[in-house]
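Both complexes below contain subunit A, partnered by subunit B and then by subunit C.
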Partner chain A sequence: MTAYLIAIGSIGLIYALLALGLNLQWGQTGLINFGHVAFFAIGAYTSGLLALAGWPLPVTILVAMIVAGLAAWPLGRLTLTLKSDYLAVTAIGFSEVVRSVLENEAWLSGGPSGLPGIPTLFSGLSGLDRSLATFAVLLAVTVAVFLVLQTLTRSPFGRALRSIRDDEMAATALGKNVVSFKTRSLTLGAAIAGLAGAFYAHYLTFISPEQFTPEVTFNVWIAVIIGGSGSNPGVLLGTLILIIFLEGTRFLGDLGLALDGSQLGALRFMIIGAALVLCMIYRPSGILPPASRR
Partner chain B sequence: MKLTRRRLLESGAAAGAFAMSSAAGIRLTVAQEAEEIRIGTLCPITRAGSVFGPGIQRGIQFAADDINAAGGLLGGRKIRLFNEDTQSDPDSAVRAAKKLIEINETETLLGTWSSGVTMAIAPIAIEGKVVNMNVSGTTDLRTMDKDEWIWPCGGSNIAYGKMMGEYAIAQGYKNASFLAFNNPSGITLGEEFKKVFVDAGGTCEVVVYNPNQPSYRAELTRALASGPEVIALGSYLPDTTILLKEWYAMGEPVDWVGPIWAVSPALIEAVGADAAEGIVSIGAVPNFDSPAFESFKERYESAMDQPILANPFAAIGYDMMITCALAMEAAGSSKAEEFRRQIRAVSSPPGEKVYTVAEALEAVRAGTEIDYEGVGGNMDFDETGEAKPYFAYWKAEGGTLNLKGPIES
Partner chain C sequence: MQLFIQTVWDGISTGAIIALVAVGLSLVFRISRFINVAHVDFATVAAYVTLLVAGSTAVAFPVAALVGIGAVMALGLLAYLLVYRRLAGERSISLIIASIGVAFFLRYLVTFIWGSNQLAFDLPVLRSIRVAGIRMAPFDIAIIATTLVVFAGLALVLRFGAFGRSLRAVADNPELARVSGVAVDRVVKQMWLIGSAFAAVGGIALAAKTVITPYLGWHLLVPAFAAMILGGIGSVGGTLLGALVIGVVGELAAMYWLPTYRLAATFGVLVLVLMIRPQGLLGKREVAR
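On to the complex of A and B.
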């Protein structure tokens, strides 16, 4: 039981990091990033490959953040000068390009077979101790990221981002360099996604391109939207709810319902879908929207 | 950031209701009879693997029913299955596996499909001291250090490539081309086909193509350039459909042979009877010779409303469960740590060949050395720890795919 909860908690925290990163981009800045999974993948592969090459994990995780952030920078420079919806299309394209590269450049990424045997954090410990230690580190990292983002949100930088989100023209008229602000937001959000990816790689110890489909991006979007775009605590709550939906429905099978396996599988997705629809009907701006949007 | 109590209560309520129903589920499972043997099924019920998953799960269920009907194991202990869906996705499979191991306290995970899924859960199974039997074909599973925890039972890509090569040699072909989809499955099939074919004195060129193209004419032209008598395929249904249509339009005579997942009745339907005429399909078939096969076939076909040949993995699912049960009986323990050492002993030679659950259990209890022969395959694990199914070939004739006969290796 404990080990299962820790496993779900660890995956939940990885999703929370992804959601916090996306919230900075979408919730604060209004950037429609439909390619979030690309930075997650870049982080996972960077850290995984470097760790397999024998680098110490704290370094690989840091490098993963930097590489994911750097990958977002040219994307931002290229697309953010365009009208904002173009980013959505470009980003989803970018994420598919990244996945294609991972699938085809087998010399680098292992191709579709993926990368097995990625070192874990705390490889000196075993079993439950290791999961607990990893979970504790993830929790500390998530809290740290959360606090940094909260501070950022309240800072002049955060205010500038929100002003761009709400009225780009007005922000430009006030002398803000809109493209620069947007690029920094995109880059920072991508670096956080890269951080999440690094932890994901070391947690699962196996990554393959099929784990980095657009579905991941949209799961994170669901977490952000049901939690409350723009609010960091809301986004954390949204992630929690998403994980409860995704995992809680597994226990349907143990309730002894008179359904066979394939019916249960389908029922799970129906319940998840219905719950999300209900959330949106009764809480259209999320469960914990930021104060300004209530 | 202001949080009213009311708002928090409202949002907490939904989450709470979920958590409570989950908790009830946990108590329910823990409160059941303690001496049940808990087995987890981890099949692809939804998405890509959903053509196989429900059938595999049903096969495992039949085996559990048969074992329970025969009086259970280890002095009357019944088998209880816990079913989870991998969603054909490694990430979901990992969480499902953790749930089966931690919450349902199973020490056996049966029925994983697709290489990514099995590769992702393998480290968890090994560390969690859990036996996994799967139908994944990746060659990584052959080479990894499995220490008798992980058992591939569905035939690897190497086995398929080899069988296609053996077929081509038996037909007397001397010059072949191989069109390989650019992924480990396609490339391994191609390499193995070429190896077998060239060793027998033939010549073979492997042409690798990238997925999701609207046309494969360039690759097809390359494959035909050496004037082959046969083109072998390491492919899937969508790309094979395009390849065959383009080839038919070109009008160059050549024979075709491909794996069953690409060359299936769906392919004939997609390209038409004329274009498909004569194409050969190589695939796993159940163990027709087993006395237990006919009754399994009837049960399966009436339960699943699908011919048994449409899902060769279903019968292998049955065999997985029986093999584990026999190993438990032989080891006198349902602990994975102990019974995994008996898996090879009860299912592979040497030993007296046994076919049905009842006779197999009786023989094990009498202390006889047995070699269980399944309804899906013979469950003989080779030195790499892999069991191969039986192979046969089909030929498209007048719009239907007819089973022609076995392929001997």
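On to the complex of A and C.
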């Protein structure tokens, strides 16, 4: 039971990092990044491959963040001068291309069979001790990212992002370089997703392209939207709700519902889809909206 | 050379299908001002409904296809009335997020009912004809012909018909259209019916050409979007041209590079267009309002 809870907690923290990154992009800046999973994947593969090549993990994790952030930069330059909708579909395309490259370029990524044997954090420890230590590090990192983002939110940079989100033309009129701010927000959020990916790779020790489908992106989206777009504590609450939902529905099969495994999975995503729609209509600011809109 | 021409022909037939989906996406974008991501999942639903009707009744396939198209037109209108109309005053970013919710809901509803295995229509295999050494499946010829006819009809209706005039009025300025006596709500509803019908025809055509999976439409999202942008939003002829380019580039990449890089090639075209000419080949530059 303890092992199970630590496992859920670790995955939950990885999702929390993803959600915090997306919240900077969507919640603070209003960027529709529908390709979040791409940066998660880039972070996971970067850190995993470098660690397999013998690099020390703190370095690989840092490099994973940088590479994921850099990958977002051209996407931002490309789409952020255009209609805001363009980013949405272009990012979906980007994430699907990343996945197909991971599937096809087996010399680099191991192809569909994935990347086994990725070094773990704390390879000196074993069993429960190791998972507990990894969980502690993840918790510390998540708290650190949370605090940095909270500070950023209150800084002039955060205010500029929100002014762009709320009224882009007014922000431009006030002399803000809107595209530059948006690109920085996208890049920073992607770097946080890359960080989440690196921990994911070292936690699972095995990654493959099928772990990085668009479904991951939309799990993160629902966490951000349910919790409260723009509010970092809200997003953490949203992640908690998501994890309880994902884990809880796992046991629905035990309730004697006449559903097979794939139907259960489908039902789960039907609920997530419906929840996205209902949230947008009835509660677009989520359960814990930001304290003030300014 | 033979192989190249064959591949281009295959690309044109794929492009014709992309064009059908893309023009619906473009029409809805013009009138409701957001990219309805669920549009491509309407295509998936049409394929499954057609399969259901064709498989469980004795009706001929074209009749089943008509039922599929009708069902999806109703679905499109329903999505508009239940979801998108409620968000009409919101910014497009709220609408696009709701549309991805609708997309997810539909895709997994289909998965829930039919599972995720590949299915196919039970259609007779017709012998391909050879023209100058190129294999042309009768089905491909039919879909290209259908697309050309439908596009010609649409272009005429939009340019000369009373409906086209109302549509352009609503697309340009809904408030002005309303005070000028255009029944805006009715035009918007009609637009959703027509747009969804295009998605349905495209979905059924793709299903007949390949196989049916819950991801049938999803794989059309990037090509259809790329075709819409490449052609220029609001230009029917441009969308057709853009879709043919996308189709041909995709098939060439599949033939000479890797079949699974069809999407990557499509995405590459999209990136180039966004870099060089975001208003598209035949589109006009839009002014922010």
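Note that the second predicted complex is superposed on the first by the 258 of 294 C-alpha atoms of A that agree within 3 Å, B and C clash if a C-alpha of one lies under 4 Å from a C-alpha of the other, contacts with A are read in each partner's own complex, and residues count from 1 in each chain.
Convention: a residue touches a chain if its C-beta (ideal position, glycine included) is under 8 Å from a C-beta of that chain, and two chains touch if they have at least 3 such contacts.
Keep in mind the model is a prediction, meaning the values are calculated, not measured.
Looking at the superposed arrangement, the partner reaching more residues of subunit A, out of subunit B and subunit C, is B. Once chain A of one complex is fitted onto chain A of the other, the partner contacts of A:Ala266 extend to both subunit B and subunit C.
Once the two complexes are overlaid on the shared chain, A:Leu204 sits against subunit B while remaining clear of subunit C. Legend: residue contacts after superposition of the two complexes on their common chain; A:Asn104 is shown touching both subunit B and subunit C.
In the superposed model, A:Phe40 makes contact with neither subunit B nor subunit C.
In the superposed model, A:Leu288 makes contact with subunit B only, not with subunit C. By the touch criterion defined above, A:Gly248 lies against subunit B but remains apart from subunit C after alignment on the C-alpha atoms of chain A.
By the touch criterion defined above, A:Tyr15 reaches neither subunit B nor subunit C.
In the superposition on chain A, contact of A:Phe181 is made with neither subunit B nor subunit C. Counting contacts as defined above, subunit A residues 103-104, 262, 265-266, 268-269, 275 meet subunit B in one complex and subunit C in the other.
Subunit B contributes residues 1-3, 7, 11, 14-15, 18-19, 21-22, 24-26, 28-29, 41, 43, 45-46, 50, 53-54, 57-58, 82-85, 87, 89-91, 94-96, 98-99, 101-104, 115-116, 119-120, 122-123, 127, 138, 140, 144, 182-184, 210 to its touches with subunit A in the complex. Residues of subunit A that touch subunit B in their complex: 1-4, 7-8, 11, 103-104, 111-114, 116-117, 126-127, 204-206, 208, 210-211, 231, 233, 237, 240-241, 244-245, 247-248, 250-256, 260-262, 264-266, 268-269, 275, 279, 283, 287-288, 290-291. Residue ranges on subunit A touching subunit C, taken from their complex, read 30, 32, 34, 78-79, 82-86, 88-90, 92-94, 96-97, 100-101, 103-104, 169, 218, 221, 225, 262-263, 265-270, 272-277, 280-281, 284. Only residues 34-35, 37, 83, 86-87, 90, 92-98, 100-109, 111-112, 115-116, 221-222, 225-226, 229, 258, 260-261, 263-264, 266-267, 270-271, 274-275, 278, 288 of subunit C touch subunit A when the two sit together in their complex.
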